[in-house]
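Two complexes are shown next, each including chain A; its partner changes from chain B in the first to chain C in the second.
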Partner chain A sequence: MTISAVPTSGVKQWLRSIRIPPVFYFLVIIFVGGAALDLIFADGQMVRNQTILTNIFVRSVALGIVAIGQTFVILGASIDLSVALVISITSVMTSYIMQGDPANVPLAILVVLAIGATTGLVNGLIITKLKVNAFIATLGTTLILRGILNATFTNFEGSVPRSFEYFGYEKIGPIPVSIIVLVAVTLVGWFILSRTKFGYQLYGTGGNVDVARLSGLRTDRVIIIAHIICSLTAVITGLFLVSRLRAGAPWVGTDGVYDLESVATTVIGGTALAGGKGGVWGTLGGVLIFGVIDTLFNQLGINPYMKNILRGAIIVLAVASYTIRSKRESA
Partner chain B sequence: MTTTSITNSSRAASILSNGWVLIKKIPPIYPIFFVIFITVGILNPNYQTMNGIFNVFLRRASPLAILAIGQMIVLASGGFDLSVGSMITFVVVGSSMLLSNDPQKAYSTIAIMMVAGVVVGLINGLTVSVFRVPSLIVTLGMLLLVKGVVMYWSGGAPKGYFTDNYRWFGRGTIDNVPIFGKFPIALIILLVISVLAWFIFHRTNFGKQILAIGDNVRASQLSGVRVRLVRTTAFVISSVLAVVSGVLIGGYGGISTNVGNGLEFQAVSAAVIGGTLLLGGKGSVPNAIFGAFTLEALFNLLNLLGLPKPYKDAVQGIIIIGAVAYAAFSTRKKR
Partner chain C sequence: MNDKNLDVSEATTAEAQPLLEVRNITKRFPGVLALDKVSVKFYPGEVHAVVGENGAGKSTLMKIVSGAYVPDSGDIFLQGEKVHFAHPIQAYKKGVSIIYQEFNLLPERTVAQNIFLGREPARVGVIDIPQLNKMTQDLLRDMGVEKLIEPTEQVSSLSVAAQQIVEIAKAISYDSKVLIMDEPTASLTSVEVKLLDDLVMRLKAKGMAIIFISHRLVEVFEIAEKITVLKDGQFVNTVNKADVTPTDIVTMMVGRELDQFFPPLGLPEDLGEVVLRVENASNDFLKDINLELRKGEVLGVAGLQGSGRTELAQALFGVEPFKSGEIQIHGNSRPVKSPFYAISQGMGFVTEDRKSEGIFPQQPIRDNILMAIRALQSVFGLVRKDGVPKSKNLVSTLSKKVDVRTDSYDREVQFLSGGNQQKVVLAKWLASDASIFIFDEPTRGIDVEAKASIHEIIRQLTKQGVAVMMISSELPEIIGMSDRVLVMWDGKITGELPSRSSEEELMLMATGHVNNHISTNAVAGKE
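Our next item is the complex of A and B:
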């Protein structure tokens, strides 16, 4: 007798295997709800005005890029609180080196990438070799970076040449360049996580570091690389911000609360804090939720202080909405 | 003859090795603290007097120590409490607005703040226990939420003053105490709280249950520990201690919306320097208190060395990493 397998074409099988992270259902609900609120209480510009719609995405770019990096780190059961400082340092160093001169652009980009990579390396080494908990280690790195930053710069420094503002303001066709970069970073992140050996090693290390190590994975190396990736994405965010601000300032990173918000969006997006589960698309969804909420608050004219209250509540409720279904006790 | 000399040297050796074993048992935080504190004392003659040590240094360190105790309890149960900094801001700004210079209201204001602390602790604890949201996220959300409430309530510009009887907690002293001279009320409050906390944490079942949850939640559940109750109580304790700390800070500090910034991280650092394991299962009240003292002494040291503020931050970071690495290193060896 012949055993015949069920014939399915490759494409159909692939389509069936895509799991949509729950966060996107959330996003749709929030967007629809927000649009309704907007139509009732405000002038409904959110859905009708295309600029505002695109603005939702543009607001999300800065947080989105760094959140993708944070996703890598959290997948490895670690955390990186130093991203806010890396963003600040990037913005200041970029405009300082560029000094408004387009010739300096490549040098500036190389320098800040190097700084970012070094920070990631140092973070990773402290966590893996000194065996310091990631929370404390990156907290310490934040303080060290803040000390170095404040010792050298106190205010806006230098400026960014017009040509570099291309990143922040220009469009290719109808789509802003920044959004293309965000999507590109997400795609690269997704590719690394799901299609490369490193990606599998990262999931394994995050799931259970001891089992991973005993199975022969170089867990130290995996975590260090994850931290380097995270710091590099923080650098990209810094470059984006400085191209929009036209000059760098030492408070850019901390004012935007990029450290805690990147963690929050990653968790909202379905990545477990304990590592081993999740992915970048979920994080992107989480970032978009924040973007929609921010724009919605602006449209409705909500008191900016109230925004923080609601934001805090939403973070908790969003994560609660699906941890409540999990059987495991959390920390 | 030869036997006597062998016995003598072996006895000396055994005394030395016994002594060494005893020395190794001392938690690393105490030598660290004494080294830093003595350095501070050498550099600043103020701290060589009883008055300097008690009235100035210990009084200033008391709020952080109280905060560290609360944070240690939560850390030992396996969680984080990042909301304490915002709670302190809430207490300081809120009290100044509720008091509006009326001494009659002092005690009711403090009572209201305590209730607020219990409520926040309950929300934290229940969300972690019932909704199973990681405590990092819950307390982070609380941090933003409480800060937002403070800003919204005060409109960003806090008004009002503290009355003297409110200030008494943070600033007052008992004068003419023999030996000590002036003994700060804040230190008395710290002592009372530490004795209570030590008793609850080290001598009751409750304390053991906290450590059990921090070590292995499933095992404690199966052993009959009421995980939800214990965890929630830990968060409530942390928030209430944050309120106490806030009252003390309000007593001698100014009113601003930045009062509590970063204090939660200082509390975590103090507890960790004091040997608490971040994933739970190990903690000790006196060690946490001395961790806070060490941190405070470190700040003083950096001030005395005349380092400009930016370098203070950098050195603080290096030392925190170093202290935690050292503590982790010694713990690992015992395993």
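Our next item is the complex of A and C:
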């Protein structure tokens, strides 16, 4: 039961203690395989060109931020399908309120944060107080939000001021601001999950709601907070997208399939749909896998629709490998 | 009603105040009086076992003491003070903790995270992890198990015994005075049981009251000082271990009149050839199963919860198949790997959990009855409303045969009474022409009248040449119905008894007293 006292090097011990999510092995395999394909069939820019390498990350920013939020709700054994609509509303409302004027930036951000927090709160309340299955509850809010949005806006609306494009295009030294934001969101997510009482309670609630309740946790509140966090990450993704597109349109969230892809990358990252198991680093790995695939298909000049075949296969393979792994562990 | 000098509860009252006392606890569930004015006192520094048959009310009493149920009447006193628990967390906070059979841990979290869930040391919401692990380490050291369990280990990587210790640690961390353990040793190896025993002794020495619910009398006699016996929801007696023998306890646990009417047993001429034979078969739960089932007999299978009764039925029917050994159905020895194969060989399985395994509650009676026979038809075969091509009015014929009471065969099964639902399940297997029936708790939760008619149907079946294996936790049913009885314990068949054996003989075998002298004496006494 106790680990035998074989002296191990500090690095080895450290590696073991941080427990690298297995998704990163997938990521390395796909990246190396992709780079090889790129070298053979294309110009090999994927490894040689720093811009393209950086691009893998930039492509991952929008999905990455919202997937971190999705990880929170899935850890709580819930799910949020309304993120795509929150992203759409954020992008439209931001550019509509800003109208290219830097003076309106604070107001716009405040309004969209309020919309996001309200959506998360409503989702959480429907799920915990009305006891509606999370899939149905957030599907419902999605349809409601879509109705409101489509009745109000039909096309690009307003624009963001040049200063706001900082988020989407600027760099600090060699590193794009957007990547710094993604890393910051991931770090904050990691800190909340692994260092705060709320994080522990979320794992407890998602892992076994009865155990959590018997331990005195207010599980409803935990789930509601997780949903608010998730919607707020969708708002950040919306802000990032509008700063890159320079104007918001009501279809950016749904066209990006952020709802299903955030769930997919979370699951690829090793977070169990049943809740209570997983974390944000795995999700980041899952998101980067999607980023590598996008870049690879771009490099090879293959029909981009084809990449969904590979994505689909990876989802199935990753989840199957986790199931087999956990079965072997328990046996 | 029992020997007065065995009663110790009065004598000790003067010496010390009980840590926990229940007085006149009554709890009624729909149709059952689960507890009838039960009073027991639990003293500090004592291991107190509560024993009784299945359904005697042990678990209900413990759930009331730990706040999971609220009693209909009666009082609970903790250190002389009257308490009222509306929720388990209240009992926890007052120092009464319970460890259930099923684990209440988060397997994906560490030992420390589990023990202090919701009570982690933290500053402005940020957890002091070193402090959390240190608190856990201190707690484990206090319990003397720090060498076995690391605070940072993930619970899923621990052995079952270690997980149980983590649960106890969690309970103790609430500063509990009363620790209730519901069948703590059910899934442990003997080394692990020893480990647990040592821990219990340590806690006892600290002045805790340990309440121990167990089916295993051998263990009860090893670990407990006092034993309280419950029977049919009523308090029988509290005795000192030193004053009694296991046989005394068993006598207190059972011993009631055979008050129900049962159809007459099978006659020798009903008995036909062996239709089901199992030789040296094992799987993860079952060890070395050997049995024969003959045409025209009711073979009773008795045993306590967790003894492997249901697992045996599931293995025979291919739900959780045997992994080794031989199984012959009608002389045909092919392993039963799936229920489909079992059904095709003429087996029918009336499951214990009717609601989740026996019926489709939202489908009409007719479709439920035709379920099994349709499963045997070709996938492309046409479905008839009231029967099959061979027999057009199968539904009504069978419903009359088993006496399903309904105004229409279109009624959804969920709206029928328990007894009628069970009859639908019977009709389903009759439709498939099953010749070997396995019944698992055929009359659980069914009213007396329906019970009698189901017993009657079972006997009718054997008269028509069907072989029946009947699993039941109700001893009167086993004794009243069976032509032969197999007793199971710990995944093994520990003995066979003839028809009309006594409840005591059965109970002793079923509680692990496999010792030959008891069973041979019992049989010898009969002859």
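Heads up, the rule we're going with is that the second predicted complex is superposed on the first by the 311 of 331 C-alpha atoms of A that agree within 3 Å, B and C clash if a C-alpha of one lies under 4 Å from a C-alpha of the other, contacts with A are read in each partner's own complex, and residues count from 1 in each chain.
In this text, a residue touches a chain if its C-beta (ideal position, glycine included) is under 8 Å from a C-beta of that chain, and two chains touch if they have at least 3 such contacts.
As the structure is a computational prediction, the values presented were derived from the model and not from experiment.
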Which superposed partner A:208 touches (first chain B, second chain C, both, neither): second
Contacts of A:313 with chain B and chain C, given as first, second, both or neither: first
Most chain A residues touched (candidates chain B, chain C): B
Touching partner for A:141 - first (chain B), second (chain C), both, neither: first
Which of chain B and chain C A:164 touches, first, second, both or neither: neither
Partner chain in contact with A:216 - chain B first, chain C second, else both or neither: second
Which superposed partner A:260 touches (first chain B, second chain C, both, neither): first
Residues of chain A that lie at the interface with chain B and also at the interface with chain C: 329-330
Contacting residues of chain A [partner chain C, same complex]: 1-2, 195-198, 200-201, 203-204, 207-208, 210-217, 276-277, 329-330
Chain A contact footprint on chain B (complex, rising order): 78-80, 127-128, 130-138, 140-149, 151-152, 155-156, 217-218, 221, 227, 265, 268-269, 272, 278-280, 308-318, 320-321, 324-325, 328-329, 332
Residues of chain A touching chain B in the complex: 126, 130-133, 135-137, 139-151, 260, 263-264, 267, 273, 303, 305-313, 315-316, 319-320, 323-324, 326, 328-331
Of all residues in chain C, those that touch chain A in their complex: 88-89, 92, 104-109, 113, 117-120, 122, 125-127, 129, 147-150, 156-159, 162
